[in-house]
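Submitted below is the structure of interest, expressed as structure tokens.
Going by the order they are written in, the chains are A, B, C and D; count residues from 1 in each one.
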Amino acid sequence: MDTMPRLHRILDIHTLKRGLYSSSIFIMLFLVFGVFTIYNRVAFDTNYLKAANISVIVNQASFLMVVGVAQAIALLTGDVNLSIGSVMAVTTVLFGRMLQQSSDIPLFIPIMLILFLGACIGFLNGILITKLKIPAFIASFATMYICRGFAWVFLGKTVIYRLDEGFRTISMGKVYTIGEFTITVPMLIALALILVVNFMLTRSTFGRKIYFVGSNVVAAQASGIPTDRVRITNQVISSFLAAFAGLLYVARLNACEPGMAIKTHFEAITVALLGGFVMTGGYGNVWGVVGGAIIMTAIQNGMNSIQLPSELQTLVMGLIIILTVFMNTFLLEKKMLVADKNIETKKAIISRGAQI
Amino acid sequence: MKQHKKPFRLSNLPNSLYVLFVVFIAASLAVPKFLTPGNLSNLILQSSILLLLSFGMSLVLMTGCIDLSVGGILSMTGVVMATMLRMNVPAIWAIAIGLLTGVLFGTMNGLLITKLRLPSFITTFATMGIAQSIANVVSEKRTVYWDPKPSNSLIDTLGKDFIRIEFGQTAKEVLTISYLVLITAVVITVVMLLFNKTTLKSRVFAIGENEEIARLAGIKTHFWQIGIYAASGLLAAMASLLVLIRTNSLQPTTGEGLEFQAVVAAVLGGNTLKGGKGSLTGTILGALALYSVRSALSLAGIDTSVVMIVIGAVLILGMWLNETIQMYEERIVGMLRSILMGRNHGHNA
Amino acid sequence: MPKLLELQSIGKTFPGVVALDDVSIDLLVGEVHVLIGENGAGKSTLMKILSGAYQSDSGSLSIEGIEVLKNDPKKAEQLGIRMIYQELNLIPELSVMENIFLGHELKLKGQLFLNKRSMYEKAKEILGKLNIPIDPKIQVKHLTIAARQMVEIAKALSSKAKILVFDEPTSSLTSSEIKDLFAIITSLKATDVGMFYISHRLEELFMIGDRVTVLRDGKKIATKNIKDITIDELIEKIAGREITEIYPHKKQTAGEVLLDINGLTSEKFKNITMDLRSGEIVGLSGLVGAGRSEMARAVFGIDNYKSGSVTICGEKLVKKNPKIAGQKGLSYLPEDRKEQGLALPLNVRENIVIAGIDQLFPNHIINTQKETQVAASYVEELNIATPTTEKLTRFLSGGNQQKVVIAKWLLTKAKVFIFDEPTRGIDVAAKSGIYGLMDQLAKEGAAILMISSDLPEIIGMSDRVYVMSNGILAGEVRGADITQEKILELAFSHVKGELITDETA
Amino acid sequence: MKKGLFLVLILVSALLLQSCAKAPTEVAGSAPEKTYEFVFIVKSMQFPFFLSMIEGAEAAAATLPNVNIKCIGPETPYSVEEQIQLVEQAIIDGVDAIMIAPADSKAIVPAIEKANKAGILVATPNTKAYGGDVLTWVGVDNYQVGYELGKTLAENINFAGNVLLIEGTPGNSTSEERVEGYLDAFAEYPGINLLDSQPADFNREKGMKLMENWLQKYDRIDAVGSINKDMTMGAVEAAKAVGRDKDFIHVTFDVDNDGLDALEAGEILVTGAQNEKSQAAIALYSCYLALQGYKVPPMQYLPLSLVYKDDVPLYR
């Protein structure tokens, strides 16, 4: 057998399948944009697809991308992280407190401390999951409660607002404007993060180990991978990113509240699942998160733009999510089935259907 | 022939038992008002809504899926019932239609998950939004209430106490069992009966363990899965009836956040997200454990923020205790056995 | 003898592949009809059509002369067709009796509530008949693999069965249990039950079979009476070519000690002391559940142990650290490839490099080109049948999956290999390939510990044999002493006949 | 600074009470024989508004040596079911008075009736309960709030212009009542063109997103109304980010330091003050007085005061 030519590898059906699985979200994205554009054109004679609006959507989605990636990394080893929103709250509340106490320390010290604290909470999660063998769902649910509780305790009954303007550039800064499209700092941060994480997952040995642990933790053990360490590190990265997302969040809002990001764990899971990650681990491409975040934001933006009555908004959101997942799991795999030469695929797909 | 009998195993006991145990000991020591008849009746009353929800959730979890839409279904069916009552539909019909709505919505969930093979987590997350929307549309986003009429006096009656035993003057010396608790008890008994005495248990365990095995054993897997989702919808509708009776009105946002609590109660009770195993008794204990913590802490007058921290800590403690006991199980059982054996020998001599 | 069943010109196409092409086969009353062929030859597909799990595209199925028009699992069951699958189809959380009656529970009047009492009585009766001493109320998760296999058979016999299909029933059974199983089969023959029997263990076929049908690539090659065929002919028909020798290993002088296990003790095994020398293949025999795999896992560092030590090339290993063990040159090929050996959703390339990934890319960055080249070179070296290194391992056959697991450890330049049931469920041609590979490794100076329940394999391949019994190292057999009798004697030396595991599932 | 505000509030409360009951002169002087246990149940512990209410209640309790107060709230914001549980727990605890800001006016009634049965005083600061035996309600009417703010908004853009409205959580009664008031006010002026009305769930971040989306769609906006300050602050940030913060005015509700700063900076034109701290304080004093045997008026309307930039020092 000859060594594999590059082209052969790219055209291989299995590679294609893994790539396409997360890219069906982008097909859906076109659909969503299409519908809102036409509706806006017909009903209001306004241009939905103008660069300025896209810029707003992508900017808003940047934050969701960060939490989506945080969740996706946890999902890769099959360990969901429900504590993302609470980690954001507790870390940023402390951050705000630090800023309040002394205004003359350089900003990067509290930032570093906060990111470190996030990583520590992740470490705690990891220990609970691997060493104490508590299911990730319950463990991170427990830390979600604990972190939220501490966020209140730390903040007392005040709200911290009007943060340092320099600090706020990480969320409000603009870099460059092309026509109406404004490139903002959060966009670049999200892009950089996606590139780094994508590199980590696809090109580093650690990323390979993550996928392996997520696909089969027993086999990973039997291959000499320190599975516990991988899972703990994963949780650390996830919560570190959550703390980072928290900084973006407060910088954007110009306020720290204990009740912030109260549903972020749900949003993060939705974004990751829409992007092709699965609850059982081992599957998923980070670019899918980009699609998932943009689609979620675009739906909200579109519903606002067509003046959809508030009571119908969750309905439309629900229907679009179902349609997207349907695209992901059904249509695409059916196509694969026809293309695939192997009968085992069918079985594999059936067993996938039962996944949570 | 020597028969191989089932060994006694501590690990067969549900997690929630340990949590409940810890909570009860700690609460009764720390909060004197905790172990009063009044508070215990309160505890059961308060946990009844979550109990029904988490029962449905447990069944779904056993099949290896999840149903996040129960909170949405609760809001939706409640609004349907309340609107019926407002339109002077006799209470019994309103309830029937409400329950039917729950069943239908659950069936739709089941169809999406079985026939379209959609992953259950995100699908039911989406249908939760759909149910919530329906609730908002039907109620016109307002709390729905009705004027007391003979046609809906049933709701009023069900809000009353079924049994009330007074020991003294204050509320904590009064033992009450309301109709709500009675309804919950009946529903739970029926579900437990069906689970343990019919083929239900082997069906859900088989489907959860491996759908293909179940299919090969001649089980109509899709039929059962859809049925389980329908049952979850029905139980959510029943929980909604309890809320309706309890509040004598219905807010369209009632069900928010309940789905997660139901999952936690079920998972505490030993049900897993992977399916194929689980325990309904565990779920009961799980729901009670969650409410015991809350009740004890609010009796102790502890700040809500601290309450959340303590709930988190108790969850971890309970799960950890269970894990530790499993680890040292052999040693513990061995000790127990040697004590028992020793006694037996003495008896023989 | 009258015909019990006839499958005529069965054809089945899956998208893009012809699984069965015009296969006709029949089954007589009271016969054992052996089906044999390489993996992917179509045996399982054919049996799944029989059991209603698949629908055939063409051809007909008739039972006792009556054609069955639309077959499905429920109907097949009504017709008295029962399957005993290779992969155990039991629900661990349910009790033995609930498993036995899964899908056709006995009910009280009214058809709603279960009749637990009569289910219990009936289950007890069936288990008694099969000489299986298990309480029907015990949960299956507490049973050993062998006991589960017995329950599987009991399940098939729980209602009136006319046709039984055994799909590799002995792959997890020990010799004595196989004997029990064969006794059951013989008694079933007397009650006019017809049986299909699928196995890769050729010697078994000659013990139990009446007729044999060979399938290759979805086509029927031949149907013969067992009496009229020799084992060599059979192998030739299966493979489509001649395979000269199954066991290639030539005994040779052993080199220095590579692996030294000293007094290893845990809850599952006690005081195990053994050594492995360069260039030798050492068999580790014993009954299923004797603690062999558990010991191997502890040696590799997956599980913990209480006392004792593991030394590799003179260096003592730390407890519970498979990473260090791998780096020091120890490798472990687990018994259950799908569950423990491979990440099935990942492709061949990713599975091959995983164990040696840190050595291959010391700076933690993967060079895809280099990775593909390395993977491809092992695909070539081990003759793994895959079009590209990008194929998902889930789609490979059992033998090729096993080769991927081996390749994984070759990459780490491992010096000591622990093979746990290396050929279970693998067809004859692939088996011979794996034996060849083991021999080659030994020749190159590796030390191999081969855990196996297949006695001919142990006898054919090993320079020495250790035998474990109930967690204790019962003895070591060398040279001419390596006989079936001696090994079995040792294997049973500490047995108490437990069918219930201690593992808390 | 804060202490000063409280003194003012307490004075106001005292005056209010004086107008309807015997002068509570004895209260300050009499030696406390019994310690009263109060519990205050808010709608959520996660929104600054309710934290501010709690502050008011605690400050009031601190002036009475024989009153202990516990302030609690549901874990899930605005969960009336959890509020009912807290009431039941308080009954078991045997408190003397329950102050509750019901998350739903109707749904809380059975719980209030339970408390009545146990002989416990119930006061409802902020939000009315549509039934049960409530000692007193202290607050502003939500519909009235919306209506007043709507009118104020219209006045400030000379009764004509493009207007947007930010709602709370769909189905939340506080939100729906205020929105209804706003809409009724707008309906009175034909010049007011309501472009859109969308929910932002009382949430700053959602308010910001919503405003960002609107800013893309509408080129001419004259005023943005909101039913709560947090959402407005989000909207202000969104407008600032694209440099359109001077193009339109914000009318909102509730006051805290954040809002006062925004008023001073000219980011918000006007906000409605419902004096939540006084609401809680008055409810507490009312309960205390009732326990001493005084009669307390069942409805205590606090005036809705509109706060402009010039009024800021008054609220500091």
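Points worth noting:
The rule is short, and it goes like this: a residue touches a chain if its C-beta (ideal position, glycine included) is under 8 Å from a C-beta of that chain, and two chains touch if they have at least 3 such contacts.
Nothing here was measured: the structure is a model prediction, and the numbers come from that model.
Two chain pairs, A-D and A-C, are weighed by contacting C-beta pairs, with A-C ahead. Comparing the CA-atom centres of all chains against that of chain C, the greatest distance is found for D. Computed centre separation for the pair chain A/chain D is 36 angstrom, with centres defined by C-alpha atoms. Centre-to-centre separation of chain C and chain D, using mean CA positions: 71 Å. Averaging C-alpha coordinates per chain places the centre of chain A 42 Å away from that of chain C.
One finds 42 Å separating the Cα centroids of chain B and chain C. Across the assembly, chain A contributes residues 152, 258, 310-311, 313 that each touch 2 or more other chains.
Residues of chain B found to touch two or more other chains are 136, 141, 303-305, 307-308.
Counting partner chains per residue, chain D has residues 45, 170-171 touching two or more of them. Interfaces, counted as pairs of touching chains, are A-B, A-C, A-D, B-C, B-D. Contact residues on chain A toward chain D in their complex (touch as defined above): 44, 46, 50, 52-53, 56, 59-60, 152, 157-159, 161-162, 172, 249, 252-255, 257-262, 300-301, 304-305, 307, 310-311, 313. Chain contact summary for the complex, chain C toward chain B: residues 51, 53, 73-74, 77, 83, 85, 89-94, 98, 102-105, 107, 112-114, 116, 128, 131, 133-135, 137-139, 142, 267, 497-500, 502, 504. By the touch criterion stated above, chain D contacts chain A in their complex at residues 44-48, 51-52, 54-55, 77, 167, 170-171, 196-199, 204-205, 208-210, 212-217, 230, 233-234, 237, 241, 256-258, 261.
The residues of chain D lying in touch with chain B in their complex are 45, 70-76, 78-81, 84-86, 88-94, 103-110, 118, 130, 169-173, 176.
Interface of chain A with chain B (complex): residues 128, 132-135, 137-139, 141-146, 148-153, 258, 266, 269-270, 273-274, 278-279, 310-315, 317-319, 321-322, 325-326, 329-330, 347, 349-356.
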